[in-house]
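Notes follow once the structure below has been shown.
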Amino acid sequence: MLKKHLTKFHLWRIEMRELELYFGPQHPGMVGNFSITLKVEGDRILEAIPNPGYLHRGFEKLMELRNWIQNFPFVCRINVIEPDSMEAVYAMAVEKLANIQIPERAKYIRTIVLELGRLASHLFGAWAYANMLGFDTPAQWAMADRDHILDLFEELTGGRVYHIYILPGGVRRDLPDGFEEKVMHFLHGLASKLPDYNETFFENRIFYERAKDIGKIKKEEAIEWAATGQVLRATGVKHDIRKIEPYFAYDKVEFDIPTRADGDAYSRILVIRDEMLESAKIIMQCIEKMPEGKVYERTPNPFKWKIPEGETYVRVESSRGELGLYLVSNGGNTPYRVHFKTPSFNHGLFILPKLLKGASIADVGNIMISLYVVAPEIDR
Amino acid sequence: MVIKIIEFIFSPFLAFIIGVLFLGLFRKIVARIHQRYGPPIIQPLLDVIKLFHQKGFSHGALFDLGLILSLAGSIVVILFIPFGGICPLKSSGGLLVILYTMLFLPLGIALSGGEGANPNISIGISRKLILSLGYEVPFLLILLSTMSFYRTISIVDIVNSQKNFHWTLFSPLFLSGIAYFMILPAMLGMRPFDIVSAPQEISSGPAVEYGGKYLGLFHIQHSFSIFIMIALFVDLFLGGGENIFYFFLKMLTIFFIMVLIHSVFPRLRLEQALRYLWKWPTIFAFLGVIISKVVR
Amino acid sequence: MDRKNILKWLKEPGKMGHKYSLWAVYFCTGCGIIEVPPTITSQWDAERFGVIPVATPRQANLFMITGYVSVKTLKAIIRTYEQMPEPKYTVAFGSCPINGGMYWDSYNTIKHIDKYIPIDGWIAGCMPRPEAIFIGVTKLWMMIDKGAATGYIRYRKNYKFYRRNQEKLFGKLPWPPLYPVDEKENKNG
Amino acid sequence: MDEELKRKIEKIYKDTEVEFPERNRMVVKTKKASILSILEFLKREGFRQLKAISCVDWIKECEFELIYHLAPLNSPLHIMVKIRIERKNAETETILKIFENAKVYEREIHELFGVKFKGNPDLSPLFLENWHDLPPFRKDFDTRKYVKKTFDEIPSVEDRNERT
């Protein structure tokens, strides 16, 4: 009897049209070549299926065919937004396997480069996020500020985007004359713009309304889903590889790990803002404490360089979370197996669809950017 | 008679020029706020010229007709709006006719866009209709208050009674003016209310399938609607203008403020926009109606 | 730059319009996209030359293929390209679309993009700097002026071969041909 | 803590070797059959995050090696749990029940190495389009030969036109 009623009721229910919406790869709201298939009912998303692979180049396979040094151009291209952390993690792994100690000054320089890269990456992230909400003004300012960092990089390494500056044994060359002053000048300039950014972007009322309670992750969930970086820190977990397992000069400088408690998109962007301040602090301390000396330990001829058998897992804190590299050598002059554990892989393919379920279409890009998903990192 | 005919041809043309100029100015001002040089002011005109030399894809008869309906609707509205002493159609039922004809603007786009199969269009159109539902309520109340304040439905009479700086904005009806000002970004489709054409969310919404000359017509329609919304504000609350120059200056001021608002706010979500539109502007507009009853 | 040359505008408004109002598709095909945001924002400001990104291919007339093209992306690129209204211009960006670049032995990236869609101009380098993009745009202007940017005409003319190449890679394509492929139909239409 | 954990693991799982190759790294070599229980044990011990799953193709030994990377919060220890599986008909149990995010890693390994994960409902291709060859990350897949075979074979359009 009851069943009959229920079927009757079902007949009366208004059937809404279920649409399939392709969000990307060709979509202005998509940063990077990535695609999400959305099943939509009205404005609600019923299901989100990420569809990666548009940037798959098979790096890990290609790297098996090239020798240890030739791999550097590949490594940095895995993540266009912050190539330095990629270079650093690969150089660290090679150094560990070949048992090379790097000079003290090189450690400081590497730290400075990594932090500058993090700043650039965060400014890019701010551009993407602001742009996503149709928030042109701070977006363009952030991009212009990022360009100053690229200019610094150009002076230091010769390249705007890809640097190939960090090599096993140290860094490619010493800092040019007056570079420290330029960095300091840039950092002071950025700090002086911070009130503007705060007013127009971070503390903007409408931005707050848009980002608050969007893409919310609970603390337990974040740990369970193996979130790292801002996603984890925005839920209140103080977790940072730079503190847990300090590499380079991170154990010699003082800095905080900014956290927020709410775990939503707004907390994540605030964590990013605070991290930029911490990065600036780290760079200033590094410049102050930097010792004199050589920056490069000679390594053997790259074409004859054979690295002893072994395996290692190294990790750094990139701007998007824990970046790991599992590197296996079988005693040859090429790696036997390279596997990058990239933060975006987990965030983009696993956490993103979970957060998108039940969200509104207006928030797809919002959630995606707040997770800091970088497409080439997923595909590799 | 000849003057009348010239006015008929001249006013939509002028409206187009002003609208396109405003679009160009808009891009230039925004660029300057972004700390960059920006395109030349005539850039939108160049874009329109280019679009008319491109091949477009039609998606059926209604696709073309809807766009033409929307365009024709806006031209008719322009003929009813007095600007700077020019008003081709001085009919006594001005304001009501404008009100009804203005419905064609979103409706035509909705009809036209509905022909394309892209799901972004249907989402964009539903957004557009819901948003216009949001601002129609305060808009109707505002018109009602002005009509009952001046005891006339002729827009020409309203403009005439505001001569010698007796502007409605400085009369007891200033609350209605504020309400109109608050819903103006939504009517122009500017931020924080550019929900309809949000490129990052639904890749420019109703305009997704427009290309070539269809997009050109779409742009012209957009520039017309910019002209209509602002000219109506100037006519109703800023006392129109003695000549075209003053009228244009007033429009420019309003538009400039709109651009400033546009450039410092992100986009609202649809429900947030509705909540806003049905709160303060509606309250103000309602108070305006009460005031207009009390004063007269 | 003859943007202010009114005589030229009156003589051939179409050509001038295409020149000074290049609307680019917003499609990040590869890592070259990293230099496009600086190019369109404050520091370099491509908008002063009329180059802006637009939301959909229907509205665009410039297609910048930014960086290497994987097989999966190529499918999306072809689809996007075929949706653009004529006349349309393509610029391949970076060394990778030219001949595979450093991915010459990758199993998933296309080596010569011009085997699948026609290309009007190439910008070499990895990454090409924003200045290179501007030079590319000025070269494209010159080509449009001389009527040399004929990629879309070539595509129409050789559509049969392009389509055959595409199908060699993907198997049967899920969408119908843009232009008639059959010889017979070609003669009739 | 590390030594204690080592003793515990070796006590419960007899056929398991525990090593410390370097500071803060622990390698647990175990058999295919006990992977589920050992991961469950480690999760209870506080290793709550599955960082990644790597796969290595040891073609000379005719084996795949799967490495499960686990790490706790706020401790520098990083555990790599290793199992070896046969290269022919490579198949193993999924660990979805213990770590939910293993889903995507297993999908990736299935596509790139051809390892099957029993019990994982979604093993559809992730990256590749129209792929009919060997899984590309296997050592016996020659990418250069594949490139010659597929991409270099395709003729250039403009040249062809000139010839005909």
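Going in written order, the chains are labelled A, B, C and D, and every chain counts its residues from 1.
One rule holds for everything that comes next: a contact is a pair of C-beta atoms (placed from the backbone, for glycine too) under 8 Å apart; a residue touches a chain by one contact, two chains touch by 3 or more.
These numbers were taken from a predicted model, which means no experiment stands behind them.
**Q** Between A-D and C-D, flag the pair that has more C-beta pairs in contact.
**A** A-D
**Q** For chain A versus chain D, what separation do you get between their C-alpha means, in angstrom?
**A** Comparing mean C-alpha positions, chain D is 23 Å from chain A.
**Q** Using mean C-alpha positions as chain centres, tell me how far chain C is from chain D in Å, no decimals.
**A** 39
**Q** So how far apart, in whole Å, are chain B and chain C when each is placed at the average of its C-alpha atoms?
**A** Between these chains, centre-to-centre, one finds 36 Å.
**Q** Measure off the straight-line distance from the CA centroid of chain A to the CA centroid of chain B, and report it in whole Å.
**A** 43
**Q** By residue number and range, which residues of chain C touch two or more other chains?
**A** Residues 26, 41-43, 54-56, 72, 105-108 of chain C touch two or more partner chains.
**Q** By residue number and range, which residues of chain A touch two or more other chains?
**A** 27-28, 53, 56, 58, 61-62, 65, 140-141, 144, 379
**Q** On chain D, where are the residues touching two or more other chains?
**A** Where chain D meets two or more other chains at a single residue, that happens at 127-129, 136, 141, 143-144.
**Q** What is the shape of the graph in which nodes denote protein chains and edges denote touching chain pairs (line, ring, star, complete, other)?
**A** Contact pattern: none of line, ring, star or complete.
**Q** For chain D, which residues are in contact with chain A within the complex?
**A** 21-22, 24-25, 48-52, 54-57, 67, 69, 73-76, 78, 80, 99-101, 103-105, 108, 125-129, 136-137, 141, 143-144
**Q** Spell out the residues on chain C that touch chain D in their complex, using ranges where they run on.
**A** Touch list, chain C to chain D: 71-72, 75, 100, 104-108, 110-112, 114-115, 118, 154, 158, 161-162, 165, 168-171.
**Q** Sort out for me which residues of chain B touch chain C in the complex.
**A** Residue positions touching the partner: 27, 31, 34-40, 43, 46-47, 49-57, 199, 203-204, 207-212, 215.
**Q** Where on chain A does chain D make contact in their complex?
**A** Residues of chain A touching chain D: 52-53, 56, 58, 60-62, 65, 96, 223-226, 228, 237-239, 244-245, 310-313, 315, 322, 324, 326, 328, 336-337, 339, 341, 345-346, 349-350, 379.
**Q** For the complex, give me every residue of chain C touching chain B.
**A** 3, 9, 13-14, 16-18, 20-21, 23, 26, 41-43, 45, 47-50, 54-56, 58-59, 61, 84-87
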